[in-house]
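Quick heads-up: structures coming right below.
Both complexes below contain chain A, partnered by chain B and then by chain C.
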Partner chain A sequence: MKKSYTRPRRGIDRRTVLKGAAAAAAVTTGITGFPAYLKAANTPIKIGVPTILSGRVAILGESSVAAIKNEIRKINEAGGIEGRTLEAVVRDSRGKPDEAARMTRDLVNNEGCDIILDAEASGASFAVNEVVRDMKQFCIHTNSETSSLTADPKNQVDWVFRSCRQGIHDAVGGGLVAAKVVKEKGLKKWATISPDYAYGRANTEEFMEYVKLFAPETEVITETWPKLFQPDYTENVTALLNAQPEVVYSCLWGGDLVAFFDQASLYGLFDQFTAFAVNLGDYPVLTAIKSRPAGVYSGSRYHKDIPDTAENEAWYESFMANSNVLPTNWSWQNAAAVNFVVEALKKTGGDTDSMKLAEATSGLTIDSPFGVDGTLTIREDDHTLVNYMVGYSKTIVDEPYVVDFDQTAWSEIYKHEAEWKKRNGYM
Partner chain B sequence: MFDFDALAACMSTSACLVNQATSGLIIGMLLFLVASGVTLIFGVLHVINFAHGSFYMIGAYFAYTTYHITGNYFLAALVGAVGAGICGILFERLIISRVYGQNLLMQLLVCYAFILIVDDLVKIIWGAEYLAMGIPAEFRLPPLRFAGGFVPPFYLFLVAVSVFIGIGSLLLVTKTRFGKIVRAAALNAPMVSALGIRVNVYFALLFGFGCALAGVAGALAAPVRSLTPGMGLGILVESFIVTVIGGMGSIPGAFLAAIILGLTRSIGSVGFPLFVDGAMFMIMALVLIFRPTGLLGQGAVR
Partner chain C sequence: MTLLIEFRRDLLIALAGLVLLVAIGLGIDHAWPRDFLTSIFAAGLLAMSLNMLIGYTGLVSFGHAAFFAMGGYIFGLLLQSPAFTGALGAGSVPVALGVAVVGTGLYAVVIGAICVRLTEIYFAFLTLAFQMFLYSVILSWVDLTGGDQGLMGGIPRPIFLGIDLADQYHRYVFCAVLFVACVMIMRIMTESPFGYTLRMIRDNATRAAFLGVNVFRVKLICFVVSSSIAAVGGVILALFTSGAYPEWAFWAQSGEAIFMIMLGGLNVFLGPILGAVALRILNDVVQMYTSHTEIVIGVVIMFVVLGLRRGILDFVKDWWVEKQQARLAAENRNGQE
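For the complex of A and B:
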C-alpha cells in the first residue's frame, strides 16, 4: 500500500533570509564593478539609420530599411552579439541635409544609438559625415556613391567608413564594357541623356571620360539634360532622334528612367540606337517599365543572379520573404553594412566604443553573398568598399530581365582608380 | 548656352521640323487640358484652384487602377475623368466653397493643405513607389513616318482627344443653357438665384467639370509618365504659366498659350537646352508687362 507523505510546512527562517540578502548584495556589487558594456548586457545595441522614406526616392529608403531589419532579424534569432540583440532606430530625413544632420545628432544624443548607418543619398551624406566627425561617432555610409566622400582626404574621418558602390568604380567598369561593345560594332557617335543636377552631370562626365580613354575615336555629338523628376521627355527623345547618334548613355534613375523608357519606346528609340543605362538593372525599375526593350546594356545594381551563387540566391529568398518591397542596389549595400558592423562587434567582444569599432572595421574582410569571390573588404587606406560586383548586363524582355553579365576585373579598377586619384590630387 | 547652328540645321530638315513640331503639340495639349480647367474655374468662380494638380494625379491613378482591373484603356480614361470630376465636386462643396470671397492667402492655404492630404492618401492607397501603366495594347504600334519625322500613334490619339475636349468645353460654356446660366451666375449670382436657379449646384458642377479636365489629362499621361504621389505639382506650375499667358478665364487663350509653351520646350531643347524653363518664364514676364490681361484675356485684372 502506498503511503502518502506530507512534508511539514516550514516558515522561512532568519538564516535563509540573511544568506539570501548576502548573496543578492554580492551579485549587485559584482555587476557594478563590471565594464560598462557588460552592465548593459540586457539592453539592445541600437543602430541609428537616417534615410529617405518620403518623396520620389522613398522606395530606395524603404528597401534599405527592409534589408537592415532583415539582417538584424537573422543576427537576433541566432542569439545576438554577446547576448545583446541589435535594434534599428530609423528616421526619415526626406533627403534634406539639414534634417539628416539634426536627426543624426538626435539618434546619438537622445535615442542613445551606439552606431550610425547613414542610409542617405549623397547630398545629405556629406552633412552626416561632418556630424559624426564632430561627435566622434562610429558611422558607415551605406548609399552615397559620390567618389569624393571617401576618396578626398578632406572628407576622410578615422571612425567613418563606406559600404557601397563608388562612382569611379562603376565609371571604369562601364567605360571598359562600353568601349568593347562599340569597338565590336564599329560605333563612334554618342549622345547622352542624364538628369540635370550634380550627380547626373558628374556621373555622365566620368562615364564618357573612360569610354573615350578606352575607345579614343569616341565622339559625343549631342547632350540633352532633362530636369530631375521631369514628367515628359518627348522633347529630349526627339532631340536624340534628330541628332541620330549610334549609342546613347543615360544615368536617369528610378521613376524618371521608367518614364523615359516608356516614352522613348513609343518612338522606337531602342530599335535605332545601342543604349547604356547605368541605373536600369534594379528590380523596381525593371519591373515597372512596361515596354521593356531587349538588348539595352544595364549597369550592375542588385540582381539575384549576380553573382550567380547559392548564397546570393538564399539572400534574395530571405529578403523577399521578409519584405514588402523589391530589393534594390541600396538593399545589398545596407545588408553588407550590417554584416560589417556585426563582424566588428564580434571582434570587439560587443564593445560599441567608436574607436574600437573603427579599429576593427578598418581593412576588415567579411564573407558576403555580394562579393566577387564571396568576400567584401572595407579598404584600410580610404575606408571604402571594394570587391563588389561591377559590370554591365544586357536586358531581355522577361525574367530574369538581365543576362550576359560582363564583369570588370578589380585589378583594372584599382589601376585606373589610382590614376584618377593622382589626377585629382587625392594621393 | 545657345546653339543656333543646331537650331538652323534642325529648321532646314523636314524630319527635325516634324519631330519638334509634333513634340511641341504633344507637350502643349496635356498642358492645355489642365490649364483649361484652371482658367474655366477662375473665369466663372473667380477662385484660383491651386489644388488643380491633385486632380491630374487622381485622374492618373484612377485610370491606372481601372486599366489594371479591366484592361480597357478607354474605360480607364473615362473613369479617370469622372473620378476626378466627382472628387472635384466634393472638394468644392465641402472645402473650397467655404473660402469663396475670402482673401487669396486663405484660399492658397486651404488648397495647399488639400494637396498634402491627397498626396498622403495616394501614398497610403497606392504606395510611395512609382507606378507605370504602360502603353495600352491598341497603341503598341511602330511610330508613323511623316517627311522623315516620327509620330507615335498614341500621341496622335492624345492630341485629337485634347482638341476635341477643348472645343467641347468652349461650346459648353458659350452655347449651352448650362454655360449661359453659369456665366450669368458669375456676373450676378443673387439675380440668377432669384430666378429660381440653384446657383450652388451649377458652381459645383462647373468646378467638377474643370477637375474632370485635369483628370482626363492625368489619364492620358498615365501610359507614358510614371505615377508618383506629388506628380501634380510640376504640371500645376506650367499650367499656371499657360493660364497667365493665355489670359485668365479664356479657353482659346489657354489653347494658344499651351501651344506656344509646347513649341518653346521642343524648339528650345535643340536651340537653347539650358534655357528652356527660363524662356518659358521670360515669355510670361513679357506678356505680363505688355499685355497684363494675357494674350486673349478680357476685362480688368483682378
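For the complex of A and C:
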C-alpha cells in the first residue's frame, strides 16, 4: 500500500497561513469592536478617563474615578442630558505616557467615547495632550498641575482645557504665606526636599522664586532630591539635619510624602524646623501619617472646611456616602471637570461635537462648591481653571487636621502670574 | 537583480502582506484596526530586530530599546526644530527618518564595538548599562528632551510627495510600508549566507572563526542593522503618539520585547510579531476587565514557559516537524515491508 507522496510546499503554506491568521484576528477584533462605535440618540454619552490605578499613585487615581462616578450618578439621577445618561469608561495607564496615548486613542476609537477627561499625572498628560490635538478630540486635563501644560503656547490646543490647580498659582500663594511667616519669625535659611522629576524641580523652583521675591533676604542653603517612589529617606533627612536650615520646603506627594514624614519624625525634624509642604493637606495623606506633626504649613488640597460653606460640606457628605476612598485634591478637580462638561453639554443642547463643546467651555463660569465665591471659571485666553481655593493652612494632630486657612487673593495671583508669563516668553 | 530573483517568493508574499495590511487599514471604516496595527508595527519591529540578535546570533541584548527610543527622539527633535523644517521644507520627514536611522546606526556602531566582544550575561548587562545611560541622559537633559515629560508640543510633519502624515490614512499606509520594508530587509538578511553565518556563530563561534569568519565584524553588522531597524520602530511610535518619551528607553521596554519573542517564538521568523500581537491583545482585553494586567500577563507567560516550554510558533513548528517525521518514518516502514 505504498502511496506516492510529494511534500507540500511548506514554506509558502506556513507563512501564508500565519499572515492570514494574523489578519483574520485583526479583522475579527475590528468588527467585534465595531458596535461600540455606533452612536444612537438614546445611547449614553461616554466619558473616557485614562488615569493611574496601580502603584503608589493609585489612591489618587481611585479618588478621581470615585469623584467622576459620583458626579455622573447625580446627573443621571436628575434625568441626564437631553434624555441621555452619562457613562465613564476608565482605563489604567500605570502612568506611562505611551500607554496613556494609546489608551486615549482606544477610548475614542474603540469605546466610542465622546469626551476625554485626562486624569493622568503630569508626565502622561502631555502625551494625552498631543493625542487629543491630533484627533481633534475635546478634552479636559483634570490632574496635571504643571504650569506649562496650558501656559506655554506650544502646548495650547483650541479644544483642550484644564480643570485643576496650576503650579504657578500655588507658588504665588505659597510664596506670600511663607514670606509672611518667615518675616514674623525672622527666618532666612531654607532647605528643600522634593522629588527628582520635572514636576518636583519646577514646583520647587517656582515656590522659592516667590519666597525670594516677597522675602528678599531668603537664602537656600541646601537642596536634596529623593527619587520618585524612593523607599528610604535617611540620606535626605541626614542632609537636612547636617545643613541645619531654619525652614524646609517640600513638594513630595502621596505615598512619598507619608513615607518621608514618618521617617523624618523619627529624627524630630519637624520640632527643629518650620516646614512647608504643599501637598500635605489631603485626607489620605494626613490620615496615613502615623505621627502627624502639628504646626506644619500645608498647601490647600481638598478639605471639607475649605471653603467653609454648606455646599462644600454637602459635596463632602455625598462623596463619602458613595465612595470607599477618601476625597483628595484630584477628587474635586475631576468633579469640577464633570460639572464643566455638563454645563457645556447643556449649552450645546447635548451635542458632543468637539468644536461645539470647546466653544461652550471656553470662558465658562459654573456654580461650584470649590470656588472662592461659589464659582469656578475656565479662563478664555489659556483654557485653565481660576478662582479655586489657593492658600496655606497649619496642621494639627486631630481632626479636622488643618486649621487657620490663609487664603491668597486672586488679584495677587493674576498680577504675579502675568509677570511670570512675560518672563518665560509665554505672552 | 539576483537578489530579486532569489527572494522573489518572499518579495511576493511581502507585497501580498502589504496589500492586505493596506486593505485592512483603508477598507474598514473604523480607526481601531489602524491604531492597533500601527502600534504592532512599532512593537513588532522592535521585537523582530531584537530577535535577529537573540534568535539568530545568540546575543541576548537587554538594552535594545535604547535604539528604539533613539530613533523616536532623533526623528521628533529634528522635526520640532523650526530651523530644520525651515531649511528642508517638504523634504523634512524623509530626511529626519534617514537621519534617525543612520544616526542610531552610528550610535550602535560605537556601542556594538564595545559590547559584541562579550557574550552571554556580560553582553546582556553591558547593553543594559548603555541603555540606562541613554535613559539617564534623556531624563537629565531637560532643555533638549523635555526630561520625564518627553517631547512636548507635538511633532510637525510637513507634507512630502503628497503624503500628509497628519492624516491618519496616509500615516497608516506610510507606517505599513516602512514596516513591510524592514521585515523584508530582515528576511533577506536572515535567509542569505550572512544569515546562516549568524546561525553558525550562534551555534559555535569558535568553529565559525576557524572557518575564516570574522566573528566580530559579522556580529557588529548584525547589531548595527538590528539597531537601525529598531530605530524605524521608534519613528513609527513617535509618529503614532506625536511625541517621544523616556519610558521607551527604560529597561522595561527591552523586557517587553523579550517577552514578545518568548511568547511568539524565537526560531520562527515571524514569531516575534505573533508575540507582539498576542501581548497587545492580551493587554487590551485584560485592561477592559481589571487593572491587574501584570498578574494576568504573568500567568499567561508562565503557562507558555512551563506548558509549551518555548514560544507559540516554535511549538507549532516543532509539532509540525514531528508530525512530518513520524509520517516519513511510517512511510519508510511501509516501504520496507
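Here are a few things to note about the model shown:
The rule is simple: the second predicted complex is superposed on the first by the 388 of 427 C-alpha atoms of A that agree within 3 Å, B and C clash if a C-alpha of one lies under 4 Å from a C-alpha of the other, contacts with A are read in each partner's own complex, and residues count from 1 in each chain.
We take it that contacts are C-beta pairs under 8 Å (C-beta built on N, C-alpha and C of every residue); 3 or more make two chains touch, one makes a residue touch a chain.
Just so we're clear, the structure is a prediction, and the values are computed from it rather than from any experiment.
Once the two complexes are overlaid on the shared chain, A:54 sits against chain B and chain C alike.
Of the two partner chains, neither chain B nor chain C is touched by A:217. Comparing chain B with chain C, more residues of chain A are touched by C. Contacts of A:110 after superposition: chain C is touched, whereas chain B is not reached. Applying the stated contact rule after C-alpha superposition, one finds that A:232 touches chain B and leaves chain C untouched. Judged by the touch definition given at the top, the superposed model places A:263 against chain B, while chain C stays out of reach. Residues 53-54 of chain A are contacted both by chain B in one complex and by chain C in the other. On the chain B side of its complex with chain A, the touching residues are 6, 10, 13, 15-16, 19-20, 22-24, 26-27, 30, 123, 128-135, 140, 142-143, 150, 152, 154-155, 221, 223-226, 228, 230-231, 234-235, 265-266, 268-270, 273-274, 276-277. Every residue of chain A that touches chain B in the complex is listed here, in rising order: 53-56, 58-59, 62, 222-225, 227, 229-232, 234-239, 241-242, 254-256, 258-259, 262-263, 265-268, 284, 288-291, 325. Listing the residues of chain A that touch chain C in their complex gives 1-3, 5, 7, 10-12, 14-16, 18-19, 22-23, 25-27, 29-31, 33-34, 37, 53-54, 91-92, 94, 96-98, 101-103, 105-106, 108-110, 122-123, 126-127, 129-131, 133-134, 146, 148, 152, 154-155, 197-198, 201. Chain C meets chain A in the complex at residues 9, 13, 16-17, 20-21, 24, 28, 30-33, 35-37, 39, 139, 142, 146-150, 152-154, 166, 237, 240-243, 245, 247-248, 269-270, 273-274, 277, 281, 284, 287, 291-294, 313, 317, 320, 324, 327, 331, 334-335.
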